[in-house]
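What follows is a set of structures for review.
Next come two complexes built around subunit A: one with subunit B, the other with subunit C.
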Partner chain A sequence: MASRKTPLVATHWFPLTVGALTFVAIGVIFEYLLRADILNRYIIPLPSDVLAAFERIVVEEGVLTRTGVSAFEVLTAGIACIVVGVPLGVLLYRFDIVRRALEDWIAALAAAPIVLAFPLFLVLFGRGSTTVIVIAFTYGLAPVVLKTLEGLIETRRVLINVGKSLNMSEMQMFWKILFPSAIPSIFTGIRLSWTFCVIAVIGVEFLVNLGGLGQLINDLAERYDMPGTYAGIGFVILVSVIFFIILEWIEKWLQPAR
Partner chain B sequence: MTSVETKSRQAGKPDTGQPVLIIDDVVKTFGDAEEAVTAVDHVSFNVKQGEFVAVIGPSGCGKSTLFNIIGGLLGEYDGNVMIDDERISGPHPAVGMVFQEESTFPWRSVIDNVAFPLELRGVAKSERYDRARHFIGMVGLDGFEKRFPSQLSGGMKQRVSIARTLVSNPRILLMDEPFAALDEQTRLLLGDKITQIQQELKQTTLLITHNLTEAVQLSDRIVVMTYRPGKVKRIADINLQRPRTSDVVGSDAFGHYVAEIWNDLREEASRGMQETEQVARADRRHG
Partner chain C sequence: MASTGAIAMRAPVSRAARERRETRDVFYVRLLVVLAIVAIWEGISWSGLFFGDVVPSLLKIIPALFKLLMNPVFWANLQITLIEAAASLAIGAVTGIVVGILLGSSRFFGAAFEPYVYYLSPTPRIILFPIMIMWFGVGISSKIALGALSSFFAIALSTAAGMRQIDRVLIRVGRSFRATPWQMATKIYLPAMRLPVLTGIRLGLGNALITCLLAETKLSNQGLGFMIMQIYTRFDMPTLYALLIIVFFIAGACNAVIGMLSRSTK
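== the complex of A and B ==
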């Protein structure tokens, strides 16, 4: 069989290259606008300076250790969200009275800007990692609960009928049909939750000048080290992207069928 | 393995000709006293061992209600549905159900879907895989054991569901319009497959359908239902030779049976259509 040549736009690397080139192009445009004094260099640093500052923040500012601190906080909060959120979602599904009592509150929790309540958490948990973790946990809990509940509720009627026709017990029905059917939705909840955890951890570290990457950005900004600040922000974005790529891999690995 | 399997299935069943499923004066009403709707109205017929019976009727004749009652998913009804002198009021192990909607488990491979009922019963993995493979072969899906439903066509998924139901050795195979979502050609070919399996296993089968050609192609007898409330209008014998294939569709006898049953059905179907239109008109006037 003659192999047909894949068109350029259909290749795997084409969109990636376009994305990267767009990014570089924006950098070049800003570089030009700043050098031509159309934009103010005191507010926006030169992209080339930001690039150069990467090395400095890695060597001088201990960025790797700080990444470790932030990653620890994100993972602890994220895992706590799963451990508490999934069973809570199941509970809400199983007991109608609990659902009616709590669902609206949890939905409200998802929408509330909890980070603003950080002084309260500081008083309760002290000025340390615990506070950061607890705030991130509170922030990330609701999506896991709500998406678990949604996944269970949206299990297709016919699959439940298959279970009934096979005389399955309630436990079998849960473990063999309801839960596996809800897994894609639960994963969506986890992904949302961990995104919230990352935002909350970096945000709280920045706000209370505490711990990992958020504090670094705060420090650099206070020193008015603009290239360093932007490099720090760039580093956080890079770490987040890698983090979510890994999360997506795990998700695909766990559910090869979908 | 294959022959042993088939023999044991036959050996476990009583002689052909005995009614295995008796539907006796079944009535099912939905709703409160004032707004009660009778879906199934004094329906009686039976299905003999090894026989293929189709229940046909227009939409709204209570076919699906009947399916749910026989499958044990609707426990409360008047009259009796009997298997082995036992009244059905919940799912019965002798009945294997195939649903109209696609009902494979998307998170399980084909073989794990088919072996599912055996897994529930605690059958060892190697044995349940052997038996699952046998039925996967029977529905013509050899080589697809490791695939997932998302990688299969609609017709293939329905065959997986049929294999999953057959793996439990049900005495009665109960199917609710299993090919409704498929195109006509696939439907005819799957009809061949069903006929072949039914002949090989001497499988007692009750098919719920609204498709005339499908009913005539597959059945020994056809129960024609009236539009709401669903009553038995007539029970027609289909004396087409067995073994049968979809070639029969071209024969004069086939055309004769289709015409005869359509004669019975036309009045019911048009009554159903008129009532639906009236309701729609009334809704528009009031809404």
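== the complex of A and C ==
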């Protein structure tokens, strides 16, 4: 009995299927409770209505265009984070005294609730995409800087010694040894940073009713379109999860073979 | 021989001197950075580059800061926000630790449900706010619910990870004493994984605080987030800067306190 059961539980697909089926079961239970009027339909829409609303938000609400707007903002902010963050990390690595002075401050910046300053950014940059991009950039910058620095510091001693024994110049040392060895760590920073950018972009769009996917949810909620709101939220979560999975996949691909 | 001894004696002194010099240099760099920021700030402020008062001089922000700290309304709102964050954290921590123990103690549960928790954890939580308003109303309960939800993920994930790195021997000791599940949790699991749990709580507190504040800016009639929006609507920029400085300071202080707590339990 035990020998038959263990392999099934230990497989990769079985637990995942059970997990997915659990969520389906929860949906079915809610459907039943709502249809039986045990739960209030004005507060929780029927799961079947939510599923039906997916088509509606794609066809009527221009979800794809909105995804494009949000994606543009995330990518612009994310690329700006790389362009500014990686050189800053290198700078901190090169000048030890600056690193010792500022590393803690940058770490504190990473934990600071920057998105909360959105009224300030609205005043400074106006109500538009620029504001969203600037907030996302500020929010996502610190991880790139810190992880670039970490990657450079953790370059294996052996590699540096090889470079020294080949009498490399400082530039050669950086481009041939330090930077390539730091790439996996830098990408970890980029993954964190772009995750922050997604949170900031959608959050700010929702909060100030501006632009892409965040605004869609705000709109639907203000219209009291319950199935639409739930479907919109589901869509945003789905898109961000796919985005994270892709980032994680690239990150794993860049990890050195062990 | 004598000269070697002299070098050996001199070495520690020079190292101490070097460390002192480096500490001093670090201080100077920091001072320089702060002065540069202040100079740039004041420069922009006086240049008239931005519309009046968008970048107010520090001479206006500092008095606004003191005025704010003297204002009882600020303290009342702070109290509301802190209550929300604390309640969020309490709910998020209890549910997170329970779920984390379940996910971490059973390989099957972990494989079945942890991917969902893991991939949902970095999604933007604030978009769930409309649902929370429907369920819990516009008062503080909806903020607490959203805050609890956002602290839950970090705590559940680090508890689950913490469960897996517990020394197997400790678990076997518990089993051989025939500990009940409750005893296993309180005597073996939680003490053995207090560090990852505290890390989770630190992240969770940050998430709870920021989520409550953001939710307050969206829809509420009390709390610091509400106060920020009120000040923004009045276009009272010096006070807005002052309030944001205070909020950032509070967030930093919360982080530091739990960081200290986890260092002291090491």
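In this text, the second predicted complex is superposed on the first by the 208 of 258 C-alpha atoms of A that agree within 3 Å, B and C clash if a C-alpha of one lies under 4 Å from a C-alpha of the other, contacts with A are read in each partner's own complex, and residues count from 1 in each chain.
The definition used in the following text is that a residue touches a chain if its C-beta (ideal position, glycine included) is under 8 Å from a C-beta of that chain, and two chains touch if they have at least 3 such contacts.
All of these numbers come straight from a predicted model, not from anything done at the bench.
*Asks:* Touching A:162 in the superposition: subunit B (first), subunit C (second), both, neither?
*Replies:* first
*Asks:* On subunit A, which partner's contacts cover more residues, subunit B's or subunit C's?
*Replies:* C
*Asks:* Of the partners subunit B and subunit C, which touch A:149 in the superposed model: first, second, both, neither?
*Replies:* neither
*Asks:* For A:86, is the partner it touches subunit B (first), subunit C (second), both, or none of the two (neither)?
*Replies:* neither
*Asks:* Just to be sure I read the superposition right, which of the two partners does A:100 touch: subunit B = first, subunit C = second, or both, or neither?
*Replies:* So A:100 only meets subunit C here.
*Asks:* Which partner does A:183 reach: the first (subunit B), the second (subunit C), both, or neither?
*Replies:* first
*Asks:* Can you list the residues on subunit A that touch subunit B in the complex?
*Replies:* That would be residues 156, 158-159, 161-162, 164-168, 172, 176-177, 180-181, 183, 255-258 of subunit A.
*Asks:* Applying the document's contact rule, which stretches of subunit A touch subunit C when the two form their complex?
*Replies:* Contact set of subunit A toward subunit C: 9-10, 12, 15-16, 18-19, 22-23, 43-44, 97-98, 100-102, 105, 108, 111-113, 115-120, 122-124, 195, 198-199, 202-203, 206-207, 214, 217-218, 220-221, 226, 229-230, 233, 236-237, 240-241, 244-245.
*Asks:* Which bits of subunit B are touching subunit A when the two form their complex?
*Replies:* 71-73, 90-91, 93, 95-97, 99, 101-103, 105-109, 116-117, 120, 148-150, 168
*Asks:* Which residues of subunit C touch subunit A in the complex?
*Replies:* 22, 25-27, 29-30, 33, 50, 54-55, 107-108, 110-113, 115-116, 119-120, 122-124, 126-131, 133-135, 206, 209-210, 213-214, 217-218, 225, 228-229, 231-232, 235, 237, 240-241, 244, 247-248, 251-252, 255
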